[in-house]
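Look at the two complexes coming up: subunit A is in both, with subunit B in one and subunit C in the other.
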Partner chain A sequence: MKVQVLLFAAFREMTGAETLSADLPPASTARDLISHLRTEMGHSRIPPAPAVAVNARHAPLDTPLSDGDEVALIPPVAGG
Partner chain B sequence: MTATLTPPELQRYARHLILPEVGIAGQERLRGASVLLIGAGGLGSPAALYLAAAGIGRIGIVDDDVVDATNLQRQILHATGDVGRRKADSARERVTAANPHVEVELHPFRLDSSNALEIFSRYDLVVDGSDNFPTRYLVNDAAVLTGRTVVYGSIQRFEGQCSVFGAPGGPCYRCLFADPPPAGLVPSCAEAGVLGVLPGIIGTLQALEVIKQILGIGESLVGRLLLFDALALRFREIQLPRDPACPACGDEPTIDALIDYQDFCGLSGSQENDDSGDTMQDEIPEISVLDLKERLDRGDSITLVDVREPGEWEMGNLADHGAVHIPMGEVPDRADEIDPESEVVVYCRSGARSAQVAGFLLERGYERVHNMEGGILAWSDEIDSSIPKY
Partner chain C sequence: MVRIRISPDQIDPAALLSRVRSDADGAVLLFVGTVRNHNEGRSVEHLEYEAYAEMAERELAEIAAEAAERWEVGDVAVEHRTGLLRIGEASVAIAVASPHREAAYAASRYIIEELKKRVPIWKREGYSDGRSEWVRGCAHGPAEEPAGAERDNG
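Take a look at the complex of A and B:
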């Protein structure tokens, strides 16, 4: 299945992309997606457990994903 | 309750008073309200000015910092002539000039675990315009413990975030970010840069949310995280429900007192302030710029590694002394460009980031690694003043 990944702030800089498309095995979770991004797709600078939103709703990393889901990686930002 | 608005107030707030959503009752609520601003910087500047103009009765400002020339590009509370003054002082002048009806209270020290609960308890609402993770977690926990609502904003480069945390039934900062990021993962404004107008937008949104909270109008950002991208000019919204398992605001919270937030964020004993020249890890060997220069002049073979961002490198660097440029974030992927057999000296602007990189290299098995004490600022002060300080 394919999921669309949205990246913001530091995660954009780490990956050089605002969006990525990931091809995952069925029944993958958000955590599997992060692992896929870090290893198979070579984005090793993404931390192993970032905050994510699935279809624009904050979700735990064990959330199962479905084909066509949109997963946003929400970076911690502290500047003020 | 509150006294009636005086004739000068009726005139000043006339454009509010004709809004049915505000009216005299709403304006009196604003005047009866108190708001605590954490930081009189990029976010605190527009927030303070708009809240003052709107007629908030009492505004508290916590900031221990002094105005620096590099602040002026975005921190519109402070003017050119304020460089070197306490931010709290110039903030009070600007706020009072904007609206003398506002009572301004200064807290010209650093918010910490010993003072946060007492200060928070004296205000209705808190605006988080801080610039570092330890303070963000401190603000969150203090707000949850005192039952205060925090209007959150944060910025980096061209992007910002805004939400309302700690409101009844709503999420808190820890529902989103339970644990702090690894130290060094996220650069500060000094390291990453920030477009000056960006905090103007996010800080103004914070002021808006404060006013809506006080008036009880509209649809607040409680339960929603707003993500702003200035370059694309796009707002995105993430639904953010309260996490029942949250350690701060969950059903069975485990945080019942404030902790050491420097320690919690992996910043051992030192501070993360942008202008800090302190190293973050005591055990990292250091070399002074004078010693380094002497050894370079002697012809010692030293690999100099500049871990700053590209824009910082372009302003001035030690390439003439053979420095290689690997921005901190790229070090994990590019460490193999640094010969493990060689003697390595890492530097950044002030010595904080390079201490982290030096620690990383030491962990990776590099044996002869030093952090250049005081960074390029010290080099500019003591060796070569043609390298600009920033």
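Take a look at the complex of A and C:
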């Protein structure tokens, strides 16, 4: 399955990309996606357990992903 | 009614105030966060804000709804800017109308504190020496929030 990855702020600069497309085995979780990005896709500067949002909602790393999901990696926030 | 806006446009605090005011409200409270010229001992020249706009608007709407459940408030409006901001410019504004001032103060405080913890917005500080850095932010997810967060705000 394919998921779309959104990268913001420091994570965007670490990877040099605003979005990435990842091809994952079925039943992968957000944690599996992070591991895939860090190893197979070579983005080793992404931290191993960042906060994530699945389809624009905060989600734990063990959230199962579905084909077409949009997964955002959320660096520590600093609004205001 | 709750009105949320994430935008590169300048914030007009007076417009925000008049939007939330109603004849049933005895208090209309405005909080404006502005860009200051220093942080942690360094001289700051500008800030650059970035947002995950779709999610930020949804989170802010949820935070405003939580405030409305806890305190008696009328209309609420929250705006947050994105892009490059100079010293003195408003980065965020929160307008809360309420029949009573206590509720307006409590709700406004709750919204800004939760915004800083939960809403996906980031800022890069540009310093006088030409360098810039992402501001070290808050890594807390919603699961780690203390219950009854309003008691921690006083």
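What we mean here is this: the second predicted complex is superposed on the first by the 76 of 80 C-alpha atoms of A that agree within 3 Å, B and C clash if a C-alpha of one lies under 4 Å from a C-alpha of the other, contacts with A are read in each partner's own complex, and residues count from 1 in each chain.
The definition used in the following text is that a contact is a pair of C-beta atoms (placed from the backbone, for glycine too) under 8 Å apart; a residue touches a chain by one contact, two chains touch by 3 or more.
Bear in mind that the values here come from a model prediction, so they are computed numbers and not experimental data.
Contacts of A:Ala56 after superposition on the shared chain: both subunit B and subunit C are touched. Legend: residue contacts after superposition of the two complexes on their common chain; A:Val77 is shown touching both subunit B and subunit C.
Of the two partner chains placed around the shared chain by superposition, subunit B is the only one that A:Arg45 touches, whereas subunit C remains out of contact. Of the two partner chains, neither subunit B nor subunit C is touched by A:Pro64. Counting contacts as defined above, subunit A residues 6, 8-10, 51, 53, 56-58, 72, 74-80 meet subunit B in one complex and subunit C in the other.
Subunit C meets subunit A in the complex at residues 33, 49-52, 54-56, 58, 80, 91-92, 112, 115-124, 134-139, 141-143.
Contact residues of subunit A toward subunit C in the complex are 6, 8-10, 51, 53, 56-58, 60, 72, 74-80. On subunit A, the positions that touch subunit B within their shared complex are 6, 8-10, 13-14, 44-45, 47, 51, 53, 56-58, 72, 74-80. Across the interface of their complex, subunit A is touched by residues 39, 41-44, 128-133, 136, 153-157, 159-161, 175-177, 180-182, 185-189, 192, 194, 199, 225, 227, 229, 236-241, 329, 332-333 of subunit B.
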